[in-house]
Amino acid sequence: MIFERIKTEGTAHYSYFIANSGEAAVIDPRRDIGIYLELSRRYEVNIKYVLETHRNEDYVAGSLEIKQFYPAEIWHGPGLDWKYGNVIKEGQDFQLGQIRINALLTPGHTDESVSYVLTDTGSGETPAMVFTGDTLFVDDTGRIDLYGTKEASRLAGNLWDSLHKKLLPLGDGVIICPGHGSGSFCGTHIGGRDESTLGTEKLQNPALQFKTRDVFVKYKLAEKIERPHYFTYMEKLNLAGPPVLGKLPAPPPLTTAEYQRMMEKGAVSVDTRIPVSFGGLHIPNSYNIWLEGLSVFSGWVLAPDQPILLTVEEPGQVERAVRALTRSGYDHLAGYLRGGIEAWHNAGFATEATYQLSVQELRHKLENKEPLTVLDVRDDAEWQNGHIRDAIHIYVGHLESRLNEVPRDRPIAVFCNVGYRASLGASILQRAGFIRVSNVPGSFQAWKAAGYPLVFGVD
Amino acid sequence: MIFERIKTEGTAHYSYFIANSGEAAVIDPRRDIGIYLELSRRYEVNIKYVLETHRNEDYVAGSLEIKQFYPAEIWHGPGLDWKYGNVIKEGQDFQLGQIRINALLTPGHTDESVSYVLTDTGSGETPAMVFTGDTLFVDDTGRIDLYGTKEASRLAGNLWDSLHKKLLPLGDGVIICPGHGSGSFCGTHIGGRDESTLGTEKLQNPALQFKTRDVFVKYKLAEKIERPHYFTYMEKLNLAGPPVLGKLPAPPPLTTAEYQRMMEKGAVSVDTRIPVSFGGLHIPNSYNIWLEGLSVFSGWVLAPDQPILLTVEEPGQVERAVRALTRSGYDHLAGYLRGGIEAWHNAGFATEATYQLSVQELRHKLENKEPLTVLDVRDDAEWQNGHIRDAIHIYVGHLESRLNEVPRDRPIAVFCNVGYRASLGASILQRAGFIRVSNVPGSFQAWKAAGYPLVFGVD
Amino acid sequence: MIFERIKTEGTAHYSYFIANSGEAAVIDPRRDIGIYLELSRRYEVNIKYVLETHRNEDYVAGSLEIKQFYPAEIWHGPGLDWKYGNVIKEGQDFQLGQIRINALLTPGHTDESVSYVLTDTGSGETPAMVFTGDTLFVDDTGRIDLYGTKEASRLAGNLWDSLHKKLLPLGDGVIICPGHGSGSFCGTHIGGRDESTLGTEKLQNPALQFKTRDVFVKYKLAEKIERPHYFTYMEKLNLAGPPVLGKLPAPPPLTTAEYQRMMEKGAVSVDTRIPVSFGGLHIPNSYNIWLEGLSVFSGWVLAPDQPILLTVEEPGQVERAVRALTRSGYDHLAGYLRGGIEAWHNAGFATEATYQLSVQELRHKLENKEPLTVLDVRDDAEWQNGHIRDAIHIYVGHLESRLNEVPRDRPIAVFCNVGYRASLGASILQRAGFIRVSNVPGSFQAWKAAGYPLVFGVD
Amino acid sequence: MIFERIKTEGTAHYSYFIANSGEAAVIDPRRDIGIYLELSRRYEVNIKYVLETHRNEDYVAGSLEIKQFYPAEIWHGPGLDWKYGNVIKEGQDFQLGQIRINALLTPGHTDESVSYVLTDTGSGETPAMVFTGDTLFVDDTGRIDLYGTKEASRLAGNLWDSLHKKLLPLGDGVIICPGHGSGSFCGTHIGGRDESTLGTEKLQNPALQFKTRDVFVKYKLAEKIERPHYFTYMEKLNLAGPPVLGKLPAPPPLTTAEYQRMMEKGAVSVDTRIPVSFGGLHIPNSYNIWLEGLSVFSGWVLAPDQPILLTVEEPGQVERAVRALTRSGYDHLAGYLRGGIEAWHNAGFATEATYQLSVQELRHKLENKEPLTVLDVRDDAEWQNGHIRDAIHIYVGHLESRLNEVPRDRPIAVFCNVGYRASLGASILQRAGFIRVSNVPGSFQAWKAAGYPLVFGVD
């Protein structure tokens, strides 16, 4: 049996490629399907099945892309008005040589959520692995708030049932293959190790330690996870069948003059360099979203139909940026700056800097009571786990719509966990005409490492 | 946690690379360590530990090679007079950031066999994985005959204890990471799937289904696996510390004239092409050992100090051949034939063919009672599971020392499972002056697929 | 200035990629344009021009493929009814930053043939390089027989004028960049070195040593080069604009049963392994065309609309085979045999061998006057430069239409230069029901190396 | 004939790989010889000759490294007390199949300078190419000042003789293959195109337009090129035979704490990020030398025996940095910062920024007569071709020894051609305790593009 886990950076999304006797199945393919085609060629197999665990909300599904290359069957869970593919029944089986995969309906994260149980009939009838989608993660379970507050408690109850009546009874020895790893927006504290089993989770997963359904439901309802704007758009695309790309877009290199002209005509400039580099010098009016954050944070600030311009550290990163953006449905990639920021400044074009205020300097200013707003753009859970006294708290995803809450009369130091979201926040402020905006590199991590004081709770 | 399984073709050997917080451990490294160095660079980690599960007998250990690049500690099991590295104690722990690895002495396959239990203390104190070396495989357990018949029953008993008193008590949910996969000489029927757990093995592994120690011991004593000559040599090297290569040898391309001259001076020609290609035309006096078989079958016919010449299908395969040979301690690689077999025949040098006798033709000749010896070179277990009536049975590894048992007065059709070992057998016969030697491509598999008759048992 | 020569195996076709200041031109692109896209990405340039030296007859032009990715202008020479692109004027210039490329009409090989003169205006106004298409090669000039005998003398005269009145006057120091290297069907004795200049060619190129136009015309008219069937098809495609592929086709892996079924339904099996491997064992009714020969020799035996099945040495060669076939307009690639010839024989399917008769054996049989036909399938020029007495001579490309000239009552040894075309010839005979067919590996080269007797001339 | 030009970034050094009939020659190999080994494997050839054009002064020769892998002969020009290899005689020939290479003594750049003339005897006796080392470049000739002022005029005369009596007489059609391309310190204005011939150079190369030896000598004596400190060290190494590495060093990833500790113990931190990124934030006391500048500018500020620490943009650049440094003899590479600058600031360690002063801001400050020193660190020729009025001029290579000439009482804006050397200059000043130091990104190019005023001449 061939088994490959394909990790997608940024969304921390996991898809799986399983093959046997010349036939393959892909579970939850991403939109840039090159990796599945490559695996198919390497192992000389044909993709026979695409199995979706649910209507994914954090990326565009690659199922229809695969159909451009293989006459594969696409399968979804029941209950949605799917515009493509087939709807699965409980227990339905899919055969790859001696490998059997059975559908197990596991609603909770969403109503149509399915898990897939893999049995190697060459060894016996014991289930060997289960693909749990967003139902069960290592150290965590799927979020249940996607349908809104009214449905959350119903979903949480369903999730308990799916976990305790469907998954755990498969047996302690079953290896779990979740839809996400550490870093995803689909869980709150997914573990940093990918290898686990139902037995291990039963003993250690905090969400599986509750004795009753009710307590579990309360626990789930108390979870707070931001829900990026683009989730709604993804859900719509994935239900209807997203536009098929066929191949990865290749935005052309642009001269500085072309880049500037396109900005003037309404294209948005996204600078994917790390904050300290962006801070050193950048094109005015650019957003700063680091490469790994593109899939997720673009969803808060970019419109799907707006032409996007890229400034990257080096041209090899264009492809990574393109993958990240198309995974989230951003297909209007107008070009990238040939020669990078240096071409821009060498051409004598106007530039802008964002000062990188070290935690030492920040501490010094606060102690000396210099006029300064600390703007903390982390999420609620992070904020409650410790923040700087008197900071303002607005989640980075909401900043553009709450700019009026940020005072314009004094310097602002934007703060997050390590300085990435803070730099996006700083770039949002600079685009909005704020001046004297600093990013705090290292932010919370550096502040804590330096032993500086924090306050806790809702504040 | 970073976890990588490195599969080595031919020996079906598995080594593992585990890393966390900038530090890595390698379990049972092979001799061509490029892959571990590459992983270290990719993940920006330093190799801190090399953990050996036992004095491996089927390949040269790469531990000392790693020490050329990293100041790593090498650890072995107790009881042998190791000339390098350190000796482990029961329970001893090794830390990689929040990952803890504990030694678990599990004698049985050999006396110094150790397993390594991995716990991710970031998630809890439940063991997550266990590296079982040659103690426990998917669907199989390690062989216990390496010390000879007198010790086998003691080892089998120890193995039972290690399995039932040490490993299984770790818990059903523990993922197993064995030292070998399907195809290895260290087990008889290792499964074709790599993902398993103690729980799954407890339910399905045939060797774990016995109720008592005694029955298990009997079962193990009845196993028959060939023991390649080179095992002894490997054991000696791995105890003393094998010669360090530092980098992969690069045998030079040779002209046909140079190749011939070296053969005349005593170098041995090994042709790694597939049997039907070798059969079409080859250099007289060459052994035919296919690429994936090199690590294992060279051990039966080549001497470690004899210069080796290679004829390959295309030059990209030289590196694969070199890896395979050096893994088994063959370091005297004198060169390879530039331009392959075609350069040879274009130069007007003498050539030889080996007729590829199809199973249809073989069946026809046998039915017509044409004079013909069928020589079956498979192992005992395969032979007993079905063979052609009146065939002679000599395992390919023993053929060179039992040539006198093969009649010279009539054509010989060499037969194995699919025609690979048979082609090695045919080349052994041709080197020994036999004429009218055929290989049967497809051999047992084709014969069976065609529905031709078989006899069973010891015959 | 960026300058890259892209060599295409088989047809020995050369295309060129020139770039400066973010803009690139491609001269004579092949159909699988991945390499030009990759170069564009690597150097961060946009392809602005596709410059064709003539309506190429030995491969499908990639110009329209490039237009799928870049808004490039396509330019052709005058005099043909082009269905796409633009028609060039004498002297017309194309600018890539400081690099200027000028068109120079150089009819002769064909009427619309153009050369392109490159000047680096950053250094001065001296022409630095000239892209000569099929007008001038290293050590050779283009063939003039493509329009048939009646036009040949007119074309040869034009060629003289283009060489002596257009190209050579550019200056001795101008580097030449021809459309082909050694091995092409577009010249008879193109040199094995690619680096040359007008000055060097003037001194050494045999075709430039004639004092008068008339003598040169006679010399050209005496040249004999085979004209593959598929040239006509290529010419038609390249004039009308070939079908756009967008991406390289990926024929699926087939099981033995699927492969056989497709053969029964009319698909043709092409085995791309080297002759001695094909000889060892192959699928009955397969053509044997080696990988590098596919582009050229498929054109003699395969119909463009016939589904093609591939048997390859190893799956990595499928892509090479696909490139070669699509370059020659073969787009109906039905699949390839998963697991190669071994899967076939292991499944117990019928097989066929072709004996590889060494030159030693051949010589022995001829001396002993054993009944045997030697069938020489080389071209006229090769035949005249030495052949075996009493051999039959039919060029491999004509063999299928002249099978009635081959005696069926005795064994046949097929012979060529090294055994490649001979093996294609042997496979043609076996498909046509001939039995006792051998290939002579090494053929003429081995025969000569062994010092065996030859006769010369038209015979 | 196989011909490959290997370009080395930074030094713009060109080496060449020529092969024929299984044998290869390498001309002027660099120290990291992986590329030659790879070419040898790809083309299945053995390296037979290493031909040095002179005792190169700008990089460590790789000749002895090659001898670790091939039994190659090393050849040098006459007149030096070489401690390895052989000394060549005028006209001496080297054969690679039908390719003949002849030595042509061409003193001038140095006394032992040799050119190598390549003739393809398969085509004729006309020389096809000449490898000119540092004697003749595209658009330029080699510098003649390496022996100091007293010898310069003798060398310039010799160079004239070599050019006019040795090289040009080879014929206009001979392709030139020089030892450097555009960007090297071994010429002043080498052209940006690599393809040229003696004929083209005769017409266009400014240095070949002088009518008499005397005028040429005067012209050469007037040339001003900086001579990096490390040239002397390279010359010594290359004469004696440099230490053999055998493989590329792999500096380990270091934690922030380890990195800091090593700095405290005397290791020097080199930050290879581009100036605007370095400016955003960096480790105090680091030099800023961009990747492509490492080979050359390290030579001015680093001592060969000092341990070097690297901070890079992303770990993939460590290898490039290592290559650059070892090419210039820096072998003590103590490690690189794991996780880059972000790991540093996340750990709460002290940081430093360098303000990136745009040309607009600079212009504004100068017009407003704000107190500010403009420090121009370009070379003499650049300075004379235009600079900002009242700037101070100290070449970057001399800055550390002339710090006393830089006023400490006011802000300093460091200025060069595009801001790279200026950033190195700024980092030198910051290390020396200067505060209020800015780099001017884009520097001269941006200033000129913006149309701001310049003064010219010696000033």
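In order of appearance the chains are A, B, C and D, and numbering begins at 1 in each one.
Just so it is clear, contacts are C-beta pairs under 8 Å (C-beta built on N, C-alpha and C of every residue); 3 or more make two chains touch, one makes a residue touch a chain.
Since the model is a prediction, treat every value here as computed from it, not as a measurement.
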B-D compared against A-B, more contacting pairs | A-B
Looking at CA centres, what chain is most distant from subunit D?
-> B
What is the distance, in whole Å, between the centres of subunit A and subunit B, each centre taken as the mean of its C-alpha atoms?
-> 43
Would you kindly tell me how far, in whole Å, the mean C-alpha position of subunit D lies from that of subunit B?
-> 50
Counting only residues that touch at least 2 other chains, which ones in subunit B make the list?
-> none
Sites on subunit D touched by subunit C in the complex = 1, 3, 120, 122-124, 126, 128-129, 138-139, 171-175, 191-204
In the complex, go through subunit A and note every residue touching subunit D.
-> 273-281, 313-314, 341-342, 345-348, 350-351, 353, 355-356, 358-360, 418-419, 441-442, 445-450
Which part of subunit C faces subunit A closely enough to touch in the complex?
-> 22, 37, 41, 44-46, 69-70, 246-247, 250, 252-253, 255, 315, 318, 338-339
